[in-house]
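Beneath this line is the structure, given in structure tokens, with notes to follow.
Chains here go by letter, A, B and C, matching the order in which they are written, and residues are numbered from 1 within each.
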Amino acid sequence: MAKSFLALAIILYFCLFQCFAASGSMRKAKRIRARIPCKTLVFYFHDIIYNGHNAGNATAAIVGAPAWGNMTILASQNHFGDLVVFDDPITLDNNLHSTPVGRAQGFYIYDKKEIFTAWLGFSFVFNSTEHKGSINFAGADPLMNKTRDISVIGGTGDFFMTRGIATLMTDAFEGEVYFRLRVEINLYECW
Amino acid sequence: MAKSFLALAIILYFCLFQCFAASGSMRKAKRIRARIPCKTLVFYFHDIIYNGHNAGNATAAIVGAPAWGNMTILASQNHFGDLVVFDDPITLDNNLHSTPVGRAQGFYIYDKKEIFTAWLGFSFVFNSTEHKGSINFAGADPLMNKTRDISVIGGTGDFFMTRGIATLMTDAFEGEVYFRLRVEINLYECW
Amino acid sequence: MAKSFLALAIILYFCLFQCFAASGSMRKAKRIRARIPCKTLVFYFHDIIYNGHNAGNATAAIVGAPAWGNMTILASQNHFGDLVVFDDPITLDNNLHSTPVGRAQGFYIYDKKEIFTAWLGFSFVFNSTEHKGSINFAGADPLMNKTRDISVIGGTGDFFMTRGIATLMTDAFEGEVYFRLRVEINLYECW
């Protein structure tokens, strides 16, 4: 009898421990969450801005500009006020000519006179065997920083309801016409 | 004594089960969440684009366009680059003349040369006895698909902090001036 | 023996209580969450729209306008269709000349003909000892209301993955060139 009682006490001890651990981590769950991505993805995308002479392969165009600007040349004062719409190919490596795995679609607006910065609103749209669905992004892009973080504000399909952080890096650029971005997407909310 | 001991053991068994179930589902909660909406809403909204001749009843206007476009005619190349601002009535059925229950306010940008696609940023704004507050949306809209999913990125008032998915469907259109969208909103985070 | 048994029963009772409390609050956590901010911040930001004569101190510019508008004068019909890009100083008090603690960068679009309303997409960008990182906002701004709520849709750095509500208040304005907004940011998701 004493032996079973001891066994019972030991089991009970672990149960109690579980109980308090459970309620404790639940309380913490509201405040501190693990910053461990549930998914990480790396892509490149390629932006070729229309300049009046490259209609054939341009993937982006200026569609809004300040009083001192126009729609074929990025404006003075660090392009402040230029609104650019894009439909850029997404590739797995840094080669513009690799087979695209999706499209980056949306806009950016240059928003500072003294330096290059932009505000981004766009989506990655996938429709391949690998990925179906979209990832939606928004945030400030201080272009001159080596890396910049923007928000993953939602997703659909394979990326249903996701949230996270996308780290942008300018991988290459040629004049004011072509630039290539590397994006590392870390998703912290997966459903 | 043996009997009470048995009863105690049984209770303990269930407690242990609870303990492990609780800690287990908590661990899972971080990874897999139920895709069951906490709220579903269906609305229609009606977009009448200003074309130079319909100032009286237009609810939308082109305010940005590429070099080859203008502000009264949607541009060639599938309207690529056209930025449209709207303040559209929201109705409960598909009748433009039904009493609006709110306004759909924001913008879309046509963003592909080869086919109709757009990027949307807008809100549903309600101020009735039924609903007070706003629902905020963002995402890619591949218009030619029968249904397309965008993200509900937030909300205020009755829709405080909500997140979810909105499924758009083109319910009708007339030329390039009027179109009507059906929206099914499934909210998966309700506060 | 009977005494220890009693003690055991009492401990067990509390454990059971814990078990059920834990599983209960977890079930509720999915549905009803506490509307208690994990962080509250108050800032002011200052918008000076370019009007053709204030290039030196303008912080914003019209970059999109409807057919009846232009880039130096806000359009008739309550500025419907005007797209404004801004890079505004953020201050801790309501003084335009206080040392900025960050920049408010993004855009607003006036989106209603009958009254002043706008749709906002912007970020607060901080890079001081106090705050590093960004807060991203989106939502409808019915300017004529004393206070209006928009969504905090994400954040980076010190504001990693945050969500919440920002309450805007027009603190002052001068003609159609200068206006000052007070923003109270209540974050309900902190990581």
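The rule we apply is simple: a residue touches a chain if its C-beta (ideal position, glycine included) is under 8 Å from a C-beta of that chain, and two chains touch if they have at least 3 such contacts.
Note that the structure is a prediction, hence the values are computed from the model and not measured.
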Check your understanding: At the interface of chain A with chain B, does the proportion of residue numbers present on both copies reach over half, so same, or stay under half, so different?
Key -> different
Point to revise | Rotation angle superposing chain A onto its copy chain C by C-alpha atoms, nearest 5 degrees | key: 120
**Study point:** Intercentroid distance (Cα basis), chain B paired with chain A, Å
**Key:** 20
Study note, to complete from the structure: Multi-chain contacts in chain A, i.e. residues touching at least two other chains, fall at 8, 12, 15, 19, 22, 26, 63-64, 83, 121, 138, 153
Study note, to complete from the structure: Counting only contacts in the complex, chain C reaches chain B at residues 5, 8-9, 12, 15-16, 19-20, 22-23, 26, 30-33, 35, 63-67, 69, 80-83, 109-113, 117, 119, 121, 138-140, 142, 149-153, 163-165, 188-189
Review point. Which chain C residues qualify as touching chain A in the complex?
Key: 4, 8, 11-12, 15, 18-19, 21-22, 25-26, 29, 34, 38, 50, 52, 61-64, 70-72, 83, 85-87, 103, 105-107, 121-123, 125, 133-134, 136, 138, 153-157, 160-161, 190-191
